[in-house]
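Two complexes are shown next, each including chain A; its partner changes from chain B in the first to chain C in the second.
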Partner chain A sequence: MGAISVDLAVNGLITGLFYALMAIGLSLIFGILRIVNFAHGEFYMVGAYAYTLIALGLGVPVWVALPLAFLFGALVGWITERTLMRPLYAGYTSWGLMRDEYAVIVTFGLSLFLINLVDKVIGPYAYRGPPLVDASRIVLGPVLISGHRLLAAGIAIAVILITAALIKWSFWGKQIRAVSQNRLGASLAGIDTARASSIVFMLSGGLAAFSGALLSPVINASPDVGAFPAIKSYIIVVLGGMGSVPGSIVASLALGIIESFGAVYLSYQYRDGFGLILLMLFLLFRPQGLFGEKGREV
Partner chain B sequence: MATISRRSAVRAGLASAALIALSVGAQAADPIKIGVTITQSPPGSVVQGTQVKDGLEVTAKIINDAGGIDGRPVELVIEDTQGLPEKARAAVEKLITRDKVVAITGEHQSSAALAGMEVAHRYHIPYVNTNGWSDAIREKGYAEVFNPGNYNNHVGDAVAATMKSLGVKRVVAFAENTDYGIGLAKVIGAKLKEQAPNVEYKYETLDRASKDFLPAILPLRANPPDAVIDVMLPPAAYIMMNQVYEQGIAPSAKTWFYDASGLADYPDFWQNVKEAGKGLLVFGLYHPKMKQPPMGKQIGDAYTAKTKNQPNRLLFQAADSLLVIADAIKRAKSTEPDALIKALEDTKLTGTRGEITFSKEAGYKNHQWLDVPYVTFQLTDVNQKVENSALVEEPGHPLDAAKLWKPAK
Partner chain C sequence: MSASETPLHSGGADKRSVASTSTGKSAVEFRAAIAFLIVIALIPAVVRNDYWLGVLIVSMYFAILTGAWNLLAGYTGQFSLAPATFAMIGAYATGLLCTAFGVPPLLGIVAAILIAGLTGLILGRIVLRLTGPYLALTTLSFAEIMRLVASNSIDITRGDLGLAVPGLLSSRIGWYYIFVGVLAFLLVALYALLRSKAGLFLQAIRDDEVAAARSGVDVVFWKTAAFALSAAASGFAGALYAHFAELVTPELGLIGQTGLIVSMAVIGGMGTLAGPLIAAFLVYVLSEWLRDVGGYQLVVFSALVVIFARFFREGLWGLARGAMQRWRRS
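The block that comes next holds the complex of A and B.
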């Protein structure tokens, strides 16, 4: 294996980890609430700005600014759920017929609102977040990598594992999974489904914002920075199986590596097309994704 | 038969005279509407749009404070294109049909200019392109389109001359996937063939919406080229620069980093690139040490007073765009399209950067100010202001290699 292949494999895995961190929140919302959240990329953008402005504007240490960005994203998620999403499951029978349209229109509107709000209030300029460590180049055998990128990859692994563990074993995680399986049944079993929905939105917003914060020294915060992670996240959620967290992780890593090698050995021009080709193939031959389950509604 | 008295006739005559006088007065004070299309919201470059808007507003104020154009004030009618061709097309349509503007200017993105100028051509309304560098804008040969700003062939000539002076053998350009980026990357290749045929050149097209350019950058690490050229705009350009730097490719002792897009005078440049900008060679259309006509100094001072920012190239390009329109209206004594276009063709105006004239040759020279002054400067320290950078090539002079700085490793 040549040095370039090691380089590409490492870069692909790190990119995949970043994709996973971006996509998990979207996967949770879709899997549990069955809502297509078009504003997911903007939660990411909010986190990138929150971290950068808290650290640079207020002079707060980066290790404090990072969790604060998570909390800020969680707050935006909570407000979104309480103000915009509650009508979806508030018990109005008529909403059932237009549920999907409502979610698409509302979250699309929220996306445009957040982009333009940041553009007007903070300004159009890009901001590079402060790195967690100053080392701009670290040599690891044949791989040259910035200290921040390496550390961010490690943090991404930790956050992904903690999130997966919380959903699998924690009290709230079990409640969330119950709601995802059968909202009415969970409600009859005494689970506060509205609160579970709030938690999912907070967790999703927080994870997206954390991801934006972690990557802001790499991708520079700007009002339209959310478009890229949003597109990648949608591809990953479909590939991994809608609502499946392990599926999202596997799909993210696979996409990162395929893009990395494909860009060099096939064509850089079509790099972002590889994911879309996979998406089409999956929709044709395995629409439930890697880890999703076949389902049918009557 | 009805008769009127002499007194009534006099009264009617006086009233008519007063009405005529009033209407003439009103006409004299009627503003001359100039349409402006710029990017004020993403995904286009809002930074550029803001600089152009400030430049046009500062210039309009100077014109109006001096009595306007033959007593009529200039009024800017601004439309946001988001840098999108379809929005630019709709904006120009609206400005011409609803706002009744007499000319359009301000456009700073080639793709949007190429779309907007089609509408101006259809309505036969003068279109003064402020900062669309793509040669395709000129090659259409439209009578309505005038270009006091920079153009890709000009940059291509400058880049090729600089590469020749640096004595490089292998050059790689990173170009964004737009009319501007791909067009300029191709022109640089053609100009290098003319001026330095021994230089091996290739360019890689990068998606400006992407955030990870490492797969395109990593293959360079094993055998870095002698120069890397940036043909991208922010924020993608900043991300690419940082990743090229982090991989130890450029700027380095082996590899020059040349910016063909004039990034260094963007207000957010240093915040976004830090160490990656140290050693950068920059193609510039403005440098504080450049000689400028008095109008340039006046516009620069007014801009700094208004925005608290240092002058930049887009300020002067925007100012010149409006100045040539105002000058043409004044000479034509009309805002009718034919008269205005004829006057624009005959332009000979000392603007903010020199004497502006428009070529009547075909191709990329069509209605182009050919002698747009340019410089090459080098940033030799992090957070260095442009005014403190090393001016290594002055307008009309060859690059002074003795002034160049290179990193130790």
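The block that comes next holds the complex of A and C.
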């Protein structure tokens, strides 16, 4: 393996980490409500703006602005769940056909609304977020990387591990997993399914906003900045198996590496197309993804 | 409707299907749609301004796309996120045939309808087993791939610069009536389709695919047919638009365009004949007017989509029908 390959692999993995941070929230929402949130990219956008404007506009230190961006995303997620998602599971037994359509329309509409609202209120200009550290390039053997990217990758690993541990072992995490497996069964066992959904949306919005904040020094905050990471997240949740958190982490890293090598060895122009083709192939031939289980109905 | 408090009241699907399958109601819708089109056809008697005629022509372009998408999503329950892509395919089909091979525009438009329809047939065949979020994601990625191809094949399509396409006629009034004619033709065709057995099959598939299959509906055939017909009509609109604007860009296939089409159908009332048609004009003309006022048009319409989907699932047409019924009773 040549030096270029090591560099591509490391950079691909780091990109994959950011994808994972973004995709976990989408996967959790799919798990608990069986819907795809088409406004997920706008949670990312909200975080990028919150971080950039709080840090630059108010002069708050970046280490305070970063968690604030998480909270801001969580707030938007909570509002979304309370105002728009409740009809999905209140009386869900008789909802029937319109449920999927409603979810697509309402999240798609919310996405357009947030993009255009920010475009009008804050303006269409791109804002560059302040980097966490000023070291512009660090050389590690054959790998060349910016200090911010390296630090952000470390933070991403920590946040992903904390999230995965919370889902796996915490009380609320167990509730969330129970509701994902069987909403009716969980509610019969005394779990507040509405609260579990709220928590998932807050976590999902917070994580997406957090990744937006982390990446804002690299990808400037602009109204439509969320479209690109959102599409990556859709690809990842399909590849990893809809609703599977470990699956989406593995799929994120894989996609990061595939794109990093593909851009060099296959085609640079179509680097964003590889994942989309994978998404279609998976949906057609292996809809349960790499790690997902085939549907278990009770 | 407050489904969150009253589980018993959440049968939106049942209500809608009853409303749209009964032939009496759809005849009312058809008459309303024709009356609306007559008004549209008479507008040039009053408005001679080229700018506003252009706005109305683009409204008709969107009305065709919205109607085509409504056939697929509103009547067949196949929630595709690629309607704008088929318009883009149609536009590039005729554009490339005319510029690279010197095909006359009229033949190019016919070819565009066939090419878009065939693409729709293949896509429909591929996504046959997918529903809900899976279908939405697959069609969304199809749309993105097609747009990437169009903007990256710079040698053929000139990429984002856009492809210059020969015009068909220079008179704006002429174009206006071409679009009125095509829109009227497609409206009558859609109505005839819905009144026939095919319409019942499609709506049966929407309401319960398994039950439809058990009752002997050829689900594979009709779902694919709905995809192909919807794509062909979208391709028709795209091809006409290409010769009207004399320029084709990958922007025709942007997700935002699909967003506009979905907004029009949802605000008008999905699964109704007249609602999406009227809403297409309403949304587009209002958005041109709001653009002058302060550019809040997209904020307003995306908010309206969310509000209508959340509280008025039957759209403006459903609201108007409800108001009529209350007025008659009193």
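Rule of thumb we're sticking to: the second predicted complex is superposed on the first by the 289 of 298 C-alpha atoms of A that agree within 3 Å, B and C clash if a C-alpha of one lies under 4 Å from a C-alpha of the other, contacts with A are read in each partner's own complex, and residues count from 1 in each chain.
Operating definition for what follows: a contact is a pair of C-beta atoms (placed from the backbone, for glycine too) under 8 Å apart; a residue touches a chain by one contact, two chains touch by 3 or more.
Since the structure is predicted, the reported quantities are computational estimates derived from the model, not experimental observations.
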item: Clash or fit, chain B versus chain C on superposed chain A; value: clash
item: First, second, both or neither for A:Ser260, with chain B first and chain C second; value: first
item: Touched partner set for A:Ala126, first chain B, second chain C, both or neither; value: first
item: Contacts of A:Ala227 with chain B and chain C, given as first, second, both or neither; value: both
item: Chain B versus chain C as contact partner of A:Asp7, first or second or both or neither; value: first
item: Chain C versus chain B, contacts on chain A by residue; value: C
item: Touching partner for A:Ala156 - first (chain B), second (chain C), both, neither; value: neither
item: First (chain B), second (chain C), both or neither touched by A:Leu203; value: neither
item: Partner chain(s) touched by A:Ile219 [first = chain B, second = chain C, both, neither]; value: first
item: Partner chain in contact with A:Pro87 - chain B first, chain C second, else both or neither; value: second
item: Partner chain(s) touched by A:Ile236 [first = chain B, second = chain C, both, neither]; value: neither
item: Intersection of the chain A residues that touch chain B with those that touch chain C; value: 116, 119, 227, 269, 272
item: Contacting residues of chain A [partner chain B, same complex]; value: 3-4, 7-8, 11, 15, 115-116, 119, 124-128, 136-137, 144-146, 149, 215, 218-220, 222-225, 227-228, 259-260, 263-264, 268-269, 271-272
item: Residues of chain A that touch chain C when the two form their complex; value: 30, 34-36, 38, 83-84, 86-87, 90-91, 93-106, 108-110, 112-113, 116-117, 119-120, 227, 231, 234-235, 238, 269-270, 272-273, 276-277, 279-280, 283-284, 287
item: Touching residues on chain B, where the partner in the complex is chain A; value: 41-43, 46-47, 49-50, 177, 204-207, 209-212, 214-216, 218-219, 221-222, 234-235, 238-239, 242, 245-248, 267-268, 271-275
item: Contact footprint of chain A on chain C as seen in their complex; value: 3-14, 16, 73, 77, 79, 81, 126-127, 130-134, 136-138, 140-142, 144-145, 148-149, 152, 206-208, 255-256, 259, 262-263, 266, 270, 295-296, 298-299, 301-303, 305-306, 309-310, 313
